[in-house]
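For clarity, chains are labelled A, B, C and D in written order, and residue numbers in each chain start from 1.
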Amino acid sequence: MSPDLTAILDEIVAHMAAAEDRGTVASYIPELAKVDPAQFGIAIATADGRLLTGGDSDTGFSIQSVSKVFALTLALGKVGDQLWDRVGREPSGNAFNSIVQLEQEQGIPRNPFINAGAIVVADVNLGGHQPRVAIGEMLRFVRYLTGDDSVAINEDVAASETATGYRNMALANYMRAFANVRHPVDLVLGTYFHQCAIEMSCRQLALAGRYLMLDGRHPDGGRVVSPSRARRINALMLTCGHYDASGDFAFRVGIPGKSGVGGGILAIVPGRASIAVWSPGLNDSGNSCLGTQALELLARRTGWSVFSPPEEGD
Amino acid sequence: MSPDLTAILDEIVAHMAAAEDRGTVASYIPELAKVDPAQFGIAIATADGRLLTGGDSDTGFSIQSVSKVFALTLALGKVGDQLWDRVGREPSGNAFNSIVQLEQEQGIPRNPFINAGAIVVADVNLGGHQPRVAIGEMLRFVRYLTGDDSVAINEDVAASETATGYRNMALANYMRAFANVRHPVDLVLGTYFHQCAIEMSCRQLALAGRYLMLDGRHPDGGRVVSPSRARRINALMLTCGHYDASGDFAFRVGIPGKSGVGGGILAIVPGRASIAVWSPGLNDSGNSCLGTQALELLARRTGWSVFSPPEEGD
Amino acid sequence: MSPDLTAILDEIVAHMAAAEDRGTVASYIPELAKVDPAQFGIAIATADGRLLTGGDSDTGFSIQSVSKVFALTLALGKVGDQLWDRVGREPSGNAFNSIVQLEQEQGIPRNPFINAGAIVVADVNLGGHQPRVAIGEMLRFVRYLTGDDSVAINEDVAASETATGYRNMALANYMRAFANVRHPVDLVLGTYFHQCAIEMSCRQLALAGRYLMLDGRHPDGGRVVSPSRARRINALMLTCGHYDASGDFAFRVGIPGKSGVGGGILAIVPGRASIAVWSPGLNDSGNSCLGTQALELLARRTGWSVFSPPEEGD
Amino acid sequence: MSPDLTAILDEIVAHMAAAEDRGTVASYIPELAKVDPAQFGIAIATADGRLLTGGDSDTGFSIQSVSKVFALTLALGKVGDQLWDRVGREPSGNAFNSIVQLEQEQGIPRNPFINAGAIVVADVNLGGHQPRVAIGEMLRFVRYLTGDDSVAINEDVAASETATGYRNMALANYMRAFANVRHPVDLVLGTYFHQCAIEMSCRQLALAGRYLMLDGRHPDGGRVVSPSRARRINALMLTCGHYDASGDFAFRVGIPGKSGVGGGILAIVPGRASIAVWSPGLNDSGNSCLGTQALELLARRTGWSVFSPPEEGD
């Protein structure tokens, strides 16, 4: 029997409203530091077509690194498995913006979900075009996945990152020295910063993630990626989706997820649910504090885990 | 409909018999270097109680690091989640015997499946006893899981490691300096080396792993660990079970697994199968070359993946 | 009795002319890669006012990192020992352009003679001005030290570095993220690249270094820096002047020196000599191959070493 | 004119008696932790044969890592420059007991003055003998240098280190894995720990260091090492003698020195003085707090610095 998701969502929203430790809002992007930390939203799109929401599920937030999932999907569509010549598939063991590993491994980032890897992905998506072309393509893709043309980029956030993103500039220049960034750094970062500045609500983000729950199919029947590729993106989310807390997230929550410093997390239960949570306060690892707790509670209540027998939770 | 496992096993055995690159047998443990690389075995214990085998599935081999799964299970039974004060749960991003991370993180190993972490686990399992007590307990546990009292320790292999295990002695002494190894180093390593020297066949290993496929239950109905703990061990196997190739294994195979330098791999499909493969030749990451390929082929043919919808493969 | 420097110089020039392994010309700055490797020059300015030269001692070359000595002298004049809040004084143990240490030590470079440290020094020398002001000041300072107004900047080399200096851009942006570069990165690097592109002959460089042999005094009697500061700059040259081969240079040659990838080395024997050698081929550590050998031979023949009793060599 | 050393010594002793921050006595060797921190001694042996002392200059202390200088001298006598195939000559950039660099550089320690390097030196000095043979040889050598047969080993300190020296056991085992320690680890460390437990007073230590001030000659006229080797040992002391504070010591004091965690420092002014200072409290870098200050003050008052013109200070 399926769990009563409505009751579970109510419990989660109540629990999070009462939370005392809400983490700390990211301060390194000035525009993000302004967000009110007393917010929490959740949305679940199920495989049978329902959409359940709770809390501030219609408030837009900066998806930031969650965008790396969609950007990776696009880049794999462009260059296929050749991408893996330029980006690894291993957890990094380091923080999201670490540059140490890049030096040791000759400019090849460990995986596409740390910043360095996502910059290589942006370089692929940029191709020989202008940033606005690549950004437009990304936006159309996310709108298609969501089925909602109102998804947009917050230009203030993009400008804020462009003005202060020194670490990302360092990463991009460093990889350019190894020829693993192939287009001018400012164009690549222009693409990257705009992609990170996409604004979505939990409702929209849960809808956007449905193809990863449906083995690569859009709910409209179209194929976004092959089943094999969908599984592999899920695998990467599980092993690498939460920076140096990925192992802990897999251990405690047990489902693939990708977090962003805007406080959003997209989590996928293959065959069952695409889940978006959001709360702007971050924990020490840079992942949403309440968002992580909400997913842990949801997994416990529903029995959803990629590591449990399929009978459980059905 | 279930896949025709018999046909798939036949295909895998034939495929592996024809393989040209069989990897390289581990040379750093002299006793292991003597093993004939032209061997391959596979065994699958299914959730519905069948046992399918192929190739050299009854030949015993040194399970080596696969034993870390059973040792972890025992240690969690002794000290529960307090274990995590002394061992992390994150992929290491380094080789199995790296000491770099230990210095940076003050003697706390990244996870229980790298050597340093497994030595801490052995320290817990040793308690205040003599190594033969802890080793006896471990052997009884593995025999119980397997339902086969013939499982034994290869004393030559244990002696070989004791005589040459300088890196492990370095790791243990290093953690002793941080008081994260609490018993005399030679006793802890005595326990550890004997645990690694347990000899099992694929048939026995697949049987031993059934509790992880059955959400913590022994097929005889007894509970080995709680469902939550079983899932978490599976999660650790997925994120950390193949050293610095764990991400790649999750990406390509998509199921939790733990490898050993003896050439064995135990892999778990929750709710469906406990799989053991063995071939002594290793790839560059120190994991069984043919064993990894066999699991990848098996996953492709069966559709088994923790990242695919549950309907697939059933 | 003083050694017969003329005879020694003749021997060195002959020896270097016959050398078979001349190293490899730096290729990462395109403009430098064009230089003919079959060149070698040497000049010695002595404390008693003589100037001895040999080989291609009047051919100009790009002084590159040798400029870091003059830039450090200027910066210490501007901000004094406050500089050491932003730059360390320890050998780095890493290559000249490593970024690893910067991450571990929060954007504080190990010493002013690795690239990261020299970029901080350039940031200090830039102050709130335009690069051309800081570059003009540097050029005037070097001309004053040399007593030769013909010293100039090679604009082609400066442009070449600006176009391809991705690693330096990475370093500068990375330190900007830690607020240890305080002015816009392109202005700081503009200053830095032009300083590196100063062109001097061995004759000019040996003259420029005289203040470091004379305990901080210009031969014209003026004080360039205090005696204490001159000694400290010499100490830094000894411990940090040859990147990760500094210890070996101190061991084999035994006098303070600073090398550049243009193939020049400035070496100081306190109270006795300011020496410039140049040969464009570099060894594996990025220091002039023949230049290092020439200094080793010179030190052996003259007995000059800061580690020998003062009686020796007089 | 020579400085008035007697007056300077008086000033230094008075200054150190009034010091408030005396550092912290090393606690990781239990036997050393018992030493009274309110002690300070100094002794200067001059090239013209005088011996000046001040403070607790006749109190014995554990010379610890200062012994690495004498051990290196012995090992070079045994195997000559072949030693450098097994030990580097570069500053490490890391703490004295770091193991990180060993992993990156395949078991070759950076220099003979960090613990790992000194363990390789002890392995050389051990040869195929029993530790008591090598220890006896070392003791005879130090007594010869000192001209004092009362120099002895403190067995309590040696036993204390043997019982708790886990990090050194880790280092030795780690290098044994790379075959850069060639004899049984317990024998090598037995040699090493006894060498470190040599007890000397400042008076004795200053006498022992005279050969390094005299370009390799014993004051009795005998040659201990060649001039070239004496200079090179001095060079290593300057670049590597104070762990990761070596650069700072060279910068501030400007003369070669080797410190030990017992609080002693041996410093050499080539051609002029062999200096021993001792105070048990250590600074953050593990070097004697007052000892370092005393040497800095001495250098300032005397003008002694290898980086100043020879006329100064004479």
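As a working rule, a residue touches a chain if its C-beta (ideal position, glycine included) is under 8 Å from a C-beta of that chain, and two chains touch if they have at least 3 such contacts.
Only a predicted model underlies this, so the values are computations on that prediction, with no experimental measurement involved.
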Minimal step count in the chain contact network, chain A to chain C: 1
Taking each chain's C-alpha mean as its centre, the one farthest from chain A: D
Cα-centroid distance, chain B relative to chain C, in whole angstrom: 55
Length of the line joining the C-alpha centres of chain C and chain D, rounded to whole Å: 32
Chain A: positions in contact with at least two other chains: none
Complete list of chain pairs which touch one another: A-B, A-C, B-D, C-D
Contact footprint of chain A on chain B as seen in their complex: 47, 88-94, 101, 110-111, 213-215, 227, 230-232, 234-236, 238-240, 244-248, 250-252, 254, 256, 270-272, 305-312, 314
Interfacial residue positions of chain C with respect to chain A in the complex: 98-100, 102-104, 166-167, 169-174, 176-177, 185
